[in-house]
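Common to both upcoming complexes is subunit A, partnered first by subunit B, then by subunit C.
Take a look at the complex of A and B:
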């Protein structure tokens, strides 16, 4: 019984494939356009999954709590006196002051991220970071050591030179010497970084002698992070407390269909789907009507014609899905998301060599399948029924 | 050979290519494990909070420690104008 049913379905599928091959040009165009839409949707979905995966893999060691001072709705610097206020909170393992800011390079329009830390001189602590330490250079004491990222080195046009200068707010020059550079393979977090001593960062940005921009709080028991964050918020007035969990949440929701680019991709998919539905519903050509009439005269039932139309839709949509999904994988894996990179990088002058490795996710596959193949099949149900109920004597 | 069997064989060929691509991606991730460990350490030592994907808009470079309103804070009547911003959704 099952074998007979399968044989019948294969026979109808054979006939459907034969019919599709007879109108090869038109059907090929339909498959290619449909595949292009699926390619765009799949590429976007896979790019966002890849970025989410990178964030979840790399941002596992972000500070437990980051404390920033807010004034008039904007982030401002504050005094290291605040550290004393935190000494009485039980459960805090350590508090690191930090100066964190941006340096806009007017020569080339690049934005660098400047971070001033306390332990830059400690090479043992920096071991294993992917930092290439350069031999000590005898320089004037005014030259502060700095560890720079690949993008900074490239945009400053240093070449083999190691000394560079940045402008203070009063336009006087502050000189640095590159003590080390980050490995290019760590670019996804270090590309635009200039790491320097806390005092040097204060001097560069014209901050007060005890001024900082962040406190990085390390908590002994991870379960206590939220309680300690609340406690810090109560003790230090007007601060913003960012927990590790919140940073993780930000990156989990940062990419998705609600973004402008995501909506553009979805809009394209929906528009293409409506065009297909309209094409299918707008009726059959006289030749197709005649074909159905002849089949009915030969003994085909209405059910058989509907099955035939169903198989045609399945073949077209599955072919387009396979082609589009495969192309999206090739786009990401071998071309590193070439088409999306201009949008992702935007007007960035420091361009990190972003490595987008696609990650297979069954949920993604199901979403793309549901957004493409299922609507196409649904859209062809009524036109299939219409075409199956043609009276042979009205056509022939 | 029947047309339907030929079509199924073509599908099987596409699926096998897909499986190969997934395996290649896994291999790429495995090869970058050493770099991942270095990056995780850099995040820990310097207290980094964000991925360095785009460096044009500050609120995209450091998304996790920016306000939702940051794109509109540059000047009165400011609108979000960085192309990069179209890829991201601010946290609610």
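Take a look at the complex of A and C:
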């Protein structure tokens, strides 16, 4: 019984394919326009997945817990004395002070992120960020070593030079020498980054001798991160305690929201296409009406004609789906999600030259399918029934 | 979190199903008002053509609703990565009061749509369309469920905030006495298994009676099939409970990991997929056989009822056995071989 049913379906699908190739030009236009709609939806969905993937990979470099001092709802600097308060919390592996700030470059209007750390030479401090250390790391006492991002190097117009200077708040110059540059792979977070010694950062920003902006806490047992974060919040008054898990969730929410917003903006175009599909499926040419009439005279039932129409829609939508999905993949892989990246990633003067890698996910496929193929098939259901109820005597 | 691609996809599916439901209901109302098989008027011929429209809408709507249910579970899994405390779909579905009811409505409409199609196949197999009026009433009854499903999905998504603190499946489906809170609120794990074993035995016996006494008098058939039709929902709910509290910890190899949703992810899918497939096919076939038998006692006309009841009863019985074997395999293997 199942074999007979399958055989019948295959025969109808075969006939549908033959019918579609007979009207190749018209159907090709529908496939191409539909593929464009699927391309837009798929690009949004896939770019978001790639960004989430890139963000989660880079989050491995973020400390378990970050502690910041807040005053009047804004972040302020605080003393390294706070480290002593944390020494007695069981489970903390290490606490590192940090200076984190933004340097505005008036020459080109770019903002650089400046981070001052305690042990710049120690690779473990910056583990995971893929730094290409330059050879012969010998520095003059007047030049502070700094690790810079590729975007900073380009914006400063360094070329092959290694030395550069930045202004202190009193407009005196502080000189640096590039000791290393960040890997291109990590440019999503390191493109606008300058990492230097803690003291050099304090000097650059004109901070007090023991002033820092945040504390980085490393926890031995990952399961205890939330408990230790609560404990820190109780011991240090007026601080904000941020865990890595929380940052990851914020990234996912932000990308998810932007992707949804983008899709909502595309809604008009998508809806217009489905109205077009409905209209096209409703308006049968005299030749098509005659074909249905002949099939009915030959013994085809209403249900068979509806199945035939259904198979035609399936063939069109699956072809368009394949084309659109492939185009979205190419757009992401070779053109780096050029069209939709600004919407999802935001914009700034130092743009991260992020290389997006397409990630295959069944969830993405399901979303794209439900937003494109299902509404298309739905739009053609009622016209399919309508065409199946044509009476042979009224046409032939 | 209404502005998420998951949410937009879910709302699109619900919108398609509701529109189909509305068109189907409007057609059903016309059918109920003007249906007269004895007449050969233009209106009657048009109404007969409209039977195909309703059938196509229900069939396609059912496919969309099944995809929508899968989408809903995957979306809940995604939301778990954003909500605080949630570790899988169980946590995000209980993050507000609309998640589980929305899933319930989806499952009920899938069962109702499938039963409608079974009745429809029998209806169009007969010359005088005996169940057309019944089908129209059924469809009108399904419309509020479809609208309710759409509303619940929207309410769930609107009220889902990333800042909500929710629980993980180990707590939600845990022992109420030990954890203090349990969604299932069962008194003992062994009691649930015992209840499922009992109801399975009763259902198998009932189906066997239904199978061998197809030609039995109406009254006897009504009693047997009525008892079966009311037992299948209990069997379904108990089976879901047993999968959650008894089977899933053995599949995951973790005593406190009680989750019916993680079974749908690799590598647990190789047990989860057959488990859910056997269960749903068993309940659908069983419920279909019993319902059709009851309908045929009230409205006679179709000649294919006996054959349908025989086939469906056989399918449901074999599927129940396969389900029980699949469900029992992992705990059995643990007891015999021990450990992983």
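We take it that the second predicted complex is superposed on the first by the 323 of 396 C-alpha atoms of A that agree within 3 Å, B and C clash if a C-alpha of one lies under 4 Å from a C-alpha of the other, contacts with A are read in each partner's own complex, and residues count from 1 in each chain.
Following the convention adopted for this analysis, a residue touches a chain if its C-beta (ideal position, glycine included) is under 8 Å from a C-beta of that chain, and two chains touch if they have at least 3 such contacts.
This one's a predicted model, so the numbers in the text were calculated from it and none came from an experiment.
Of the two partner chains placed by superposition, only subunit C is touched by A:45; subunit B is not. Shared-chain residue A:385: touches subunit C; no touch with subunit B.
When both complexes are overlaid on chain A, the residue A:208 reaches neither subunit B nor subunit C.
Of the two partner chains placed by the overlay, only subunit C lies in contact with A:306; subunit B stays clear of it. In the overlay built on the shared chain, the residue A:374 is in contact with subunit C alone; subunit B does not reach it. Using the contact criterion defined above for the overlaid structures, shared-chain residue A:108 touches neither subunit B nor subunit C, since it reaches no partner. Which of subunit B and subunit C touches more residues of subunit A is settled by the count: it is B. In the superposition on chain A, contact is made by A:249 with both subunit B and subunit C.
Using the contact criterion defined above for the overlaid structures, shared-chain residue A:315 touches subunit B, although it does not reach subunit C. Once the two complexes are overlaid on the shared chain, A:260 sits against subunit B and subunit C alike. In the superposition on the C-alpha atoms of chain A, the part of subunit A touched by subunit B in one complex and by subunit C in the other spans residues 249, 253, 256, 259-261, 264.
Within the complex formed with subunit B, the residues of subunit A that make contact are 10, 13-14, 17-18, 21, 51, 54-55, 57-63, 66, 68, 73-74, 96, 98, 102, 110-111, 113, 115, 117, 119, 125-126, 128-130, 149, 151, 182-183, 185-193, 195, 214, 216, 242, 246-247, 249-251, 253-256, 258-262, 264, 315, 318, 322-323, 325-326, 329-330, 333, 340, 342-352, 354-355, 357-360.
Per the touch definition, subunit A reaches subunit C in the complex via residues 44-45, 48, 249, 252-253, 256-257, 259-261, 263-264, 267, 302-303, 306, 362-363, 366-367, 369-371, 374-375, 377-378, 381-382, 384-385, 388-389. Residues 2-7, 11, 14-15, 17-18, 21-22, 24-25, 28-29, 32, 34-58, 60-65, 67, 69, 73, 82-92 of subunit B are the ones touching subunit A in the complex.
For subunit C in complex with subunit A, the residues that touch the partner chain are 1-10, 12-13, 16, 19-20, 23, 49, 52-53, 55-57, 60, 64, 67-68, 70-71, 74, 78, 81-82, 84, 162.
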